[in-house]
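Quick one: the structure is below, questions incoming.
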Amino acid sequence: MADTVLEVRNLKVAFPCPGGVIRAVEGIDLDIHRGECAALVGESGCGKSVSALAIMKLLNTPPAVCRVDKLWLDDLDLTHLPDRQMERIRGKHMAMIFQDAMTALNPVMTVGKQIDEIYLRHSRLSRREARQRTIEALELVEVPEARSRANSYPHQLSGGMRQRVLIALAFACVPKLIIADEPTTALDVTIQAQVLDVLKNMQRVHRVSALLITHDLSVVANMADTVYVMYAGKIVERAAMQEIFLEPLHPYTHGLLASVPRISDERQPFVQIPDAVPHPMRKPTGCYFHPRCPRSNDPCRQRMPRLEGPDDGRAVRCWHPLRQPHEVRS
Amino acid sequence: MTRNSPDPQPLLEMENVSVDFPVKGPYPFSKKCWIQAVTDVSLEVSEGETFGIVGESGCGKTTLANAMIGMVRPTAGTVRFQGVDLYALNPKAFKEARREMQMIFQDPFSSLNPRFSVYEIIREPLYIRGQASETVMKGKVLELLKLVGLDEEDMYRYPSDFSGGQRQRIGIARSIILNPRFLVCDEPVSALDVSVHAQILNLLMDIQKSRHLTYVFVSHNLAVVKNICQNMVVMYLGMIMESGSSDAIFANPLHPYTKALLSAVLDIDVTKPRDRILLKGDTPSPIDPPAGCRFWQRCPSAMKGCRTVPAKLVEVEPDHQVACHLISGFSAQQVADSLHEPVSPKSGG
Amino acid sequence: MKRSYVIQRILYAVFIFFVVLTLNFFIPRIGVHDPAERYYPPQGGMSTIEYEIIKQFTREQYGFDVSAFQQYVRYLQGLLRLDLGTSLRSGSPKVTALIAQRLPWTLVLSVSTLVISLFAGLLFGTVAAWKRGRWQDTLLLNASTVSVALPSFFIALMLSFYLGFRLELFPAYTNPNMVAQFDWSWDAIRMVFTNAALPIMSMSLGGIIGYSQITRNSVIAVTNEDYVVTARAKGLPQATVLYKHVLRNALLPLATSIGMNIGGLIGGAIIIEQVFNWQGMGTLFLEANSTKDYPLMMGIMLFLSAFAILANLVTELLYVILDPRVTVGDKR
Amino acid sequence: MSRPNVLLQVAQRGGSLVTFVRKLWQHPQGRLGLILAGCLVLVAILAPILAPYDPYDVTQRAAKGLRPSWQHPLGTTTTTGQDIFSMLIYGSRVSLMIGIGTGVALAFLGALMGVMAGYLGGFVDNLIVRVVDIMLVIPTLPLIIVLTSLLGRSYFVIVLVFVIFGWTGLARVIRSLVLVLKNSNYVKAAELAGASRWYIMTKHILPGTSHLIIMNTALTSAGIMVAEAGLSFLGLGDPTAISWGKMLAEAQGGGALLFGAWWWIIAPGIGIFLSVFSFMRIGIVMEEVFNPRMKASSSIYKLFKHLNNTYLDEVFRSMEEEESVVREPPDRSDAPTPEGCHG
């Protein structure tokens, strides 16, 4: 499809370690359209951050081993692209926002210099021009007194400001795709709201496609157009944002949504999913969710279901979904 | 809900409690500064209720919780537990009084000694008190393991064998083995996976019911607090901004900070659009908090007087107090004073 | 903020120096109360009065004629004039003069050792970290365990034996005329360096491997930091990432260890100087020790301590420039 | 997990010396260190039985400067004709005695100071930290030389001086670890339950630092052996005993270099090397075993060298959807052509 900015087919990542192999990502497919924000939702250890790094080709090998059948960014085939050429694409055509800005920024370099670097690398600008652009970029993400803030070190900025710097960094070259890995998790709620607002504006204004990686359903509700729900290395459900909140099909998604307490909620007890996420080295046979699933029966214990549904619409990986995907298709 | 009318004597009572921490540099010649973690907080927790403390990081909520159970000595003010001034007790009586109060920690990974088996961890409080025989302790630990949903076999495992949720269960078992009446839960679920939150919260509430416990629940998640707490305080930079019954506060939030906090909680109700109040700027440092109302720099409706006149908690309706000049207004004297005082040219944000 | 930190550091260094010099003054007095008794036993044919006169003279000469506290005050006054006291050697030379005479020769050894081990260590350490798990890394690991287990003087002896006596590449012993004949001519300088070659080699070997190990570990630690991933995500080439983001941060722990080592470097030269009979501070110290010349020994000790304090202070102040975060510690 | 498995895990925990030794034994390098150290201790104890000649016998004028032979496995000295092999065996006594003795004493003092500074805090902490700062700048070797010349050259004095001036390193490390442990929530929980300082110190803090203490004992013992050899080499050791450092000094003084008597230099060198090496190994392996992050990462790199592709292919194939051929139209069945992707 011409409108697809990111196309990932069958991405797999494994971490061999002394006790066996951690199967972190087990063949995920993603399609992100132009200007769209797709969210990859899951709990810790489900492989969502690893997928993001794998798409950026930033995973260190060793310790990771990574295979993918198809990885296209717009009209660029990145599937077998060598490292050297990948360097020209990162930062320019695809960029990443990391979770913890305190550790994601070099502590001994002024934030201005860290943004300058990206202009100096990807465009033929002089140092002075680069700094000018840096200041403009910082102003765009609503950093007050951008000119002087550019000369401060990361530790001199507040958490919210640091996260804005990361956003400015990612949008510097107006890439085709932004991958935001838990962009607001480390922040306080009021600051979180500010930063999400900035991120959303930047994405909409520049019409940049985004892959949002998060465990926080409320962030998804606020940002995403499409949602991929991941569980133990596999995508278990795919849907448009509204649909997934209104009518989740997978029992896991359903349980997750129900278990999150809401302001507009009736009182206790909370709906709960029993047990915990399986250890990535000891995943159960069959459907990975079956030990925690209220609907599981024999086939669930034996066979992993497929992600089924229309090519571009809702899909669910379950033997007993709450409803069949084609039934709910609007 | 267990009761509506306040007890004649609250279980825990704090009066004008302040906690300051000295910050010392690494060398003997460096200056000392003070962090004003909690300033002038008064509150009452009645028997059997769940009392919420809400605020963002650095607002002093954990320090306040620690001051309640005698882990941090307040610089000023009194803490009365069952009517007894906790910090006026002699060491022995203090130790005995604390038997009734326990704590559940935020991070289940650092709150269990990795060298201890689950049995050793859970029985530790009994062991320290030294009043029970090994068989008694074993029986007690078994009973608690069952209560928190773990197996008998888990007794001889080590914390590293458990997931975050299971570890938190172990922590809960340890905290109730002495049969306390008062339990402080310091963000008990924020370090856990989303799908485990509900399990732990339900477990806590079951235990509360079966053992008639009083909870102080510290959290940054308003939705959780709304659902489990009867009374609550909203804290900002070490001071209480709004307090009262959670029904009253959620039905009618009055303080601009509470409103902003509420609107910033991104509810997953996607059908109705909500207008969100975005606060400007960042939380100031507790080392040098702003004069006047602590919130004025970020307040969307700050007035001139807010910069100099501290706001006091006033009762606006039964079970609902707010510390905001928008509600209480300024007295004539305060207005007169603020006219003489030069307003600092620095604006907020 | 920064300035107050610098002032704090300097004040603290002065405080430590003061404590050290006080210790330095009192330590030799554990054993010696009166130099006259100790160094001038009655000799044959000397009358008691003569002997007492000589003793009194010695006491006055070495300042033992007053109470310990007054001696201490005098000692401090002397220090203000940069006077470390008088040696017990014949001719009563000033301690400072002796140190000044020997110091340059020790510096030749220690400065070259420092420079060589730093550069080589940085290079090897970075390579080992970059080629992690491959033979370069394994080699460094093995070399480091072997080199730590071999004392430097044993290495010196072996070098002296093979490169000096067997292969005759370098002088196995320092030429005794080197110091006396030194006249800044080209030949003299070359002679110094051929003579210094073996001592420097035996001293640097441990240093190179030590610094390599530190560099390797800190480069690996930094490589795992998030900001290195950020730098790569910006599309910076590997070399730029290594140079601008990894090495810069990896140097910080290295700077601390250099600061700590500089002080010990001169002290550590003692044994090597002895092996090659190099006329530096180390041999001066050993000479002082064999003649129980405490003023000289303590003078050297104080000088070395002061040097170590200064080196520590300089690195910590350098740190303020290298790492913008240092002052954060004050207000946490 | 089954019952025996659980019991095994119980056995693997705990902090006793036995478990440390067991863990070391399981590590090939650690085993090497243990065996070497054990042999050296045996040699030191059995020295009078093992040594073929009297090492103190300086009267063998006829046997001066002999090369290594069956009669004298490591030759004899060029000056007095002492048997070097016997000297080497006797030398181990000094080295090990000083090394282990000082190491243990140092560990005790260092741990005590570190725990006191970290746990008690306040004035005690301040005092100890200042003392450590001061000790750091005083040059150790010259100070030891001054003190031995003041107090006499017996081994007791040498050990004493080493202990008094060597505890700072361990104390610093222990102090920072104790600070972490002290603020951990499990200590807080124990405090809440009414634990005394003594209880927390003995049950939570000391066991938490035990691996560091044992590791440091091994490493400092190694360091002290080198330092002792250096002192003896400078002629500042106990003048009555035979030590490896002194052998080297005698070799140099006796013209071993000049006469090409390499065996006279190599033998004590090997002695020093082996003893230091064995203790270093034990210390380093200890660090690897107890610093899981370091252990994990180094073993992963080793693992990667031996990874073969067919195994990985197998892993990746196992991730494939097993039903793909049966249930799905062919657009997905062309998938399994795994290709490497290096990030």
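Each chain carries a letter (A, B, C and D) given by its place in the written order, and its residues are counted from 1.
In the analysis below, a residue touches a chain if its C-beta (ideal position, glycine included) is under 8 Å from a C-beta of that chain, and two chains touch if they have at least 3 such contacts.
Keep in mind it's a predicted model, so treat the numbers as computed, not measured.
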Notebook entry, point to check: Can you name the chain whose C-alpha mean lies closest to the mean of all the C-alpha atoms?
Noted result: D
Checklist line | Pair sharing more residue contacts (C-beta pairs) when C-D is set against A-D | finding: C-D
Check: With chain centres defined as C-alpha means, what is the inter-centre distance between chain C and chain D in Å?
Finding: 25
Check: From the C-alpha centre of chain A to that of chain D, how far is it in Å?
Finding: 46
Check: What whole-number Å value describes the gap between the mean CA coordinates of chain B and chain C?
Finding: 55
Checklist line | Euclidean distance of C-alpha centroids - chain A vs chain C, Å | finding: 54
Next item on the list: Note the residues in chain C that touch 2 or more other chains, in rising order.
Entry: 133
Next item on the list: For chain D, jot down the residues that touch at least 2 other chains.
Entry: 301, 304
Margin query: Residues of chain B that contact two or more other chains, please.
Written below: 28
Margin query: Per the contact definition, I'd like the list of chain A residues that touch chain C in the complex.
Written below: 53, 56, 58, 62, 83-84, 87-92, 95-96, 98, 100, 103-109, 114, 117-118, 121-122, 153, 155-156, 166, 169
Notebook entry, point to check: So in the complex, which bits of chain C are touching chain A?
Noted result: 133, 225-227, 229-238, 240, 244-245, 248-249, 252, 322-325, 328
Check: Which of the residues in chain D come into contact with chain B in the complex?
Finding: 1, 3, 6-7, 9-10, 13-15, 126, 130, 184-186, 188-195, 199, 204, 207-208
Notebook entry, point to check: Okay, in this complex, where on chain B does chain A touch?
Noted result: 56-57, 163-166, 193-199, 201-202, 205-206, 220-224, 226-228, 250, 260-271, 276, 278-279, 282-283, 349
Note to self: Per the contact definition, I'd like the list of chain A residues that touch chain B in the complex.
What the structure shows: 43-44, 144, 158-161, 188-194, 196-197, 215-222, 241-242, 245-246, 252, 255-257, 259-265, 267-274, 276-277, 279, 292
